[in-house]
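Heads up, the next two complexes both have chain A, just with different partners, chain B and then chain C.
Let's look at the complex of A and B:
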């Protein structure tokens, strides 16, 4: 699509007088591109590739994933992880409409996901004995969810920012309470008179949810293999991605982004902002419900804890990590968070084995944050060297002072722990870990060290310059200590969320616009 | 006598105890350029906010072409042919220059979201028309907003170009009457002169009726068919520039009582 009549830079002679600094400032982007070196050239090369070709490339890659996975248990597990990542990608894409395009902080989003799952479960399970086919159920549930989205957005259409967030959070909680308590619904105690067979009517199955939900099936075919679900979800992601990308470039998308930037000005420029807010929430609700139906069929059930605030926050983390407002970013964020954070930190799984139960994610995160955040290279080099030296010195001192155990563990008996390969060995000899570290039991060391890390981070916010640089050294060392003494043992528990939070904080400092987002300018 | 395009009749607006506009009558005839002057806090911008529907008047009537527009939503008033710029620039900073202008065509395009996604004929045609309109409106400013700037985000523009873009965006709603809120504020003398020319050109080539708030008396003198002076929400003078500029009440409002007495 060629937009501009003349896209070439206006030359100084032909384009009228180039007076003042603004011309120079406006052209800084061009100059950067011209003299950008390797990255600049790569960027301009990438810019010349048509976007649909990039899109097709990644879709082809995704299509090939199940082809290279045979039918071993590990492969099936891996495929399931990919499918879940795609479901999250759908959710992130949908959330991006309200949050990224229209700029509405919608915390009720998870309810639409749940409506999709429970709607599918109601109409395709033994719960009410209804077994409709998927071609009927999915569009119906999606339409109902979009309608609910429009209705719920009605009372909140005049609210912005924090107030909108509070009201929509209320909707999320209401939905959660409905699902957990919806197994004993009493209509003013008149259930029997109204024709129900029980005094407490069971709608949602309560905390146990609805089990034995049908697989997706239509016209006599039923999707039952992992591959089938992978492809179904992939098709949904591709369709939703293309749809939202076209919507974003349409008049509606422009109006969404306009009201995001300046609601008042959008109104003055003939945009009916209230309707567009409803439309944004409704569109997102439809996408979330689609993801919900797929999830219910995939898990063959609908359970309330899959649709609570925790999951909502994870979806937000995906959108923020990928870059608010960027569709590709939403997909990337979903894949990164669900594969690395949610699965990579789960012990005794194939992916968990690759990541050393999250050990490599933890150290890689620290390294990446340091590399991205610290400039120039000399300063970074000094800090990294300082970190290594600090560890070696501390380890040496402690080793001299105490009896030295095997494998880097100090003051210990016959402790042999060879997890993590040579790098793990190096890390244990760099830290000064007390004996019995990898056995459950005493947590004193961990507790002391955690307080130390927090104190150091707080101190770091108070000082500047070389003092701060110097403080980074013991902080990193102590953080690694905390990781090895306790967090790694609880990788699938609180550690996952601690690490996700830390990564987000680090990313927001280093790259506030997210991985693929464009930097935004707010009105000043 | 022809009916005025924009007519305010006995309009009042108060915020709590502060009477911002009281019993104001203004007529703007088709094709006129009318300037509104007055000291800070006189109620000039409130007047614009009343006309564009951002505020609702406490009493009185505002008519566009004889039809009351009181109580209509701002976007509906814009669709009827009233467009404005803002004193404190309010561009869609994170959108491209082109998209800023195209966003203002929302009210006159009708393709639904579904039509746009499926690229049905109407959506494609409207998209093409919006694009052409954006080109037309932006080329009004010569090469300043064209060329490579076309696809740059609005935040990369200089202050003067932002003001120009606001005017281009306002004209993209195809207004009959254009409300310009201090178009020359923050401009250097050359740019101020250019704005003066531009306002005349807007009327000549665009056929817009223009109501303009301006502090720069050279601009006001250069463009106005008629000048209205406000103070404390009341109209204290109306007439040609000379009549208003020499009016003792206007001098008093700007410079204080003793200055008016000395004159």
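Let's look at the complex of A and C:
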């Protein structure tokens, strides 16, 4: 299958120079998407506000966040969540350079993040007794990481883009192995024989990682409060965002887009393709390493499981959700995924005592998706009524037919069950939760129901019209059943990764441009 | 220097030890080769890195385990042992094949029809892989399931037989023979049947094949089915050799098998098999003579070496880029 030449609707600055894009064709999808009426007017109004003003507005908003958080446990936790979201935003921005600008599937990205964290930990912790200051360590680590990125992209630079994916994915895996195995490095088991003083060298601390890493400190000052880290990360995000935004409009940025659209054509136009590919991977690696140093200082440690393939998938989901190639999209995707999926789905917040967020996020998401996706209102109303009626009827049938089929309580996390208050009462009378524990008898039924939900969703993609509407009703009910019986219990583990995987596939098929990205037009 | 000598004595630098590693490597290589064929066939036709293929292998391995459990377990099977093993293979191959078709139908075909950009199917494949892995964690649990194949017929499957200088276990012999049989069947299928020849034609030039009246969509489905069937068989073999299966083996083994496909020359079926053997032997010898912790590092080194020196692999022909 030959690569059809692709065209990307041009840079944010409309009217600027565009490479390889037919303006009218490229914007046809956008025109079709533009709504009339109130939404359309709001959109055109927003379009007239200068982009730097929008940027300044959001930065100001972010600066004010810590000001309004007092010192209760829940607030400190909230601030920590915001800082983590910003670290992920930094990561998403960096990944966007390789994936979004240059169109390279860089799966070694997580390793550069890890190199940043471990590099910082080596040079400012008790591990080797080195305590260099941050102004020296951070640039050094960032430079080293960028160099590693360049070296890694070197062997695959003249090959098809797919080889880059596999080489870099393997590199991520190798990095993980090196961090987990790096506490017993020896030269073929011969250290003692060769005259070294130790049988094994400990470099990375193995699965336990490196603890007691220094806080970020320079020139006699040390950042130790949650607020300080929030601001440090915010500054990093703002600087990286502004830099990348300018780079995207520069000559290099345009060349990256040309590379993305059609490598061969770009090469024919004397664009230095190989060098640009290396540059994109290297820039991404530098940003990831910066995020890594901040993360190590924030957590006061570097642990291998923060830098494995699962985290890579999380970052990819953020970039894809926000819109590949859109900087604002990357930040938005990072905030949505890390606040709602990584933290919000926790059965209980680690500090403070907020429980059951996951339940509300789940039902709110379903409701929002239904409201956004289904037009007109009559149809939406009918479907919502159908969902409620379906649940009540099933509940009634199960209550009559079985003895304890509807006695179950709501699952609120590992081994805790409760009645969930008045709203919980409603949920329990809508669903038919079986009595007794879920661990023993109903595990098989849970598996059947889960596979059933997946099968129903897949079926829905095949049919259209009223059949699809009718299928939505049992799907939502069954999804809620599966969620309340077991998924919520695993919410901080496999469940969220399951959802992330589904998001990646679903978005690629239904809305490849993500939330803020621009739809690409294919010209054959 | 005395210590260095002691090191080699520790590792019994004998020919019999060497042949043990060789046999282990060949067994492992057959396994990787079978999985690599699936990657290679799909890549040959769609130019798609099917990251989810490793997960198909993992699900195949689980299906084999559940068939075994359903038949009463390895220690006390309710059916004759030969029949149990045949059922395991049939179940896993069929289940994996259907899974492969489902993945193609729902995750890749919509993207093909929309003529999505080159990177979209890759991200979709990554998502499918992750989804299936975590689904297995939720449904089957993260702890490994034990095949317990040592208990088959009181462990006689793991006794050795001498063939020339080789000491080979019956189980290893079985795995290698089965692989050879599957390969022969695949070769006959692709050379003699109409669908097989259609596959070759599509792999050679998709658009031209479609103009000659070949139903490309059907060829793609058949390709996914065959690749997944082989992965399912490899899943059962993996369970029989290594005794257990967990949700994460798919990713691990898939990565290695993909390397095998690259080493052999992606798109080429004999190349995939040969690449599998090279990687299998590399891993076995690195476990035997260096360290078991870093076998993946060695595989990675092989991959980088091949990409630098011979990017098209053993059997691949460097494709000229056409405008």
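Simple rule for what comes next: the second predicted complex is superposed on the first by the 394 of 524 C-alpha atoms of A that agree within 3 Å, B and C clash if a C-alpha of one lies under 4 Å from a C-alpha of the other, contacts with A are read in each partner's own complex, and residues count from 1 in each chain.
One rule holds for everything that comes next: contacts are C-beta pairs under 8 Å (C-beta built on N, C-alpha and C of every residue); 3 or more make two chains touch, one makes a residue touch a chain.
As the structure is a computational prediction, the values presented were derived from the model and not from experiment.
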- Query: Where does A:255 make contact in the superposed view: on chain B (first), on chain C (second), on both, or on neither?
  - Reply: first
- Look at the residues of chain A and decide whether chain B or chain C touches more of them. C
- Query: Should A:266 be classified as contacting the first partner (chain B), the second (chain C), both, or neither?
  - Reply: first
- Task: Classify the contacts of A:503 with the two partner chains as first (chain B alone), second (chain C alone), both, or neither.
- Result: second
- Query: So, A:402: does it touch chain B (first), chain C (second), both, or neither?
  - Reply: neither
- Query: Which holds for A:492: it touches chain B only (first), chain C only (second), both, or neither?
  - Reply: neither
- Message: I'd like to know which partner A:173 touches here: chain B for first, chain C for second, both or neither.
- Response: second
- Task: Answer with first, second, both or neither: which of chain B and chain C does A:283 touch in the superposed model?
- Result: first
- Query: Looking at the overlay, does A:246 come into contact with chain B only (first), chain C only (second), both, or neither?
  - Reply: first
- Task: Residue by residue on chain A, keep only those touching chain B in one complex and chain C in the other, then list them.
- Result: 3-4, 6, 264, 520, 522
- Query: Can you list the residues on chain A that touch chain C in the complex?
  - Reply: 1-4, 6, 99, 103, 105, 107, 155-156, 158-159, 161-163, 165-167, 169-171, 173-174, 177-178, 181, 184, 188-190, 192-194, 264, 309-310, 313, 316, 320, 324, 447, 450-451, 454, 458, 461, 486-487, 490, 493-495, 497-498, 500-505, 508-509, 512, 520, 522, 524
- Item | Complex contacts: residues of chain B adjacent to chain A | 52, 54, 73-75, 78-79, 83-84, 86, 90-95, 98-99, 102-109, 111, 113, 116-117, 119, 123, 126-127, 130-131, 135, 142-144, 146-153, 155-161, 169-170, 172-173
- List of chain A residues in touch with chain B within their complex: 3-10, 14-16, 20-23, 25-27, 29-30, 243, 246-247, 250-255, 257-258, 260-262, 264-273, 279, 283, 518, 520-523
- Message: List the residues on chain C that touch chain A in their complex, please.
- Response: 2-4, 6-7, 43, 46-47, 49, 102, 106-107, 110-111, 114-124, 126-135, 137-139, 142, 206-207, 251-252, 255, 258-259, 262, 290-291, 293-294, 296-297, 299-300, 303-304, 307-308, 311, 321-323
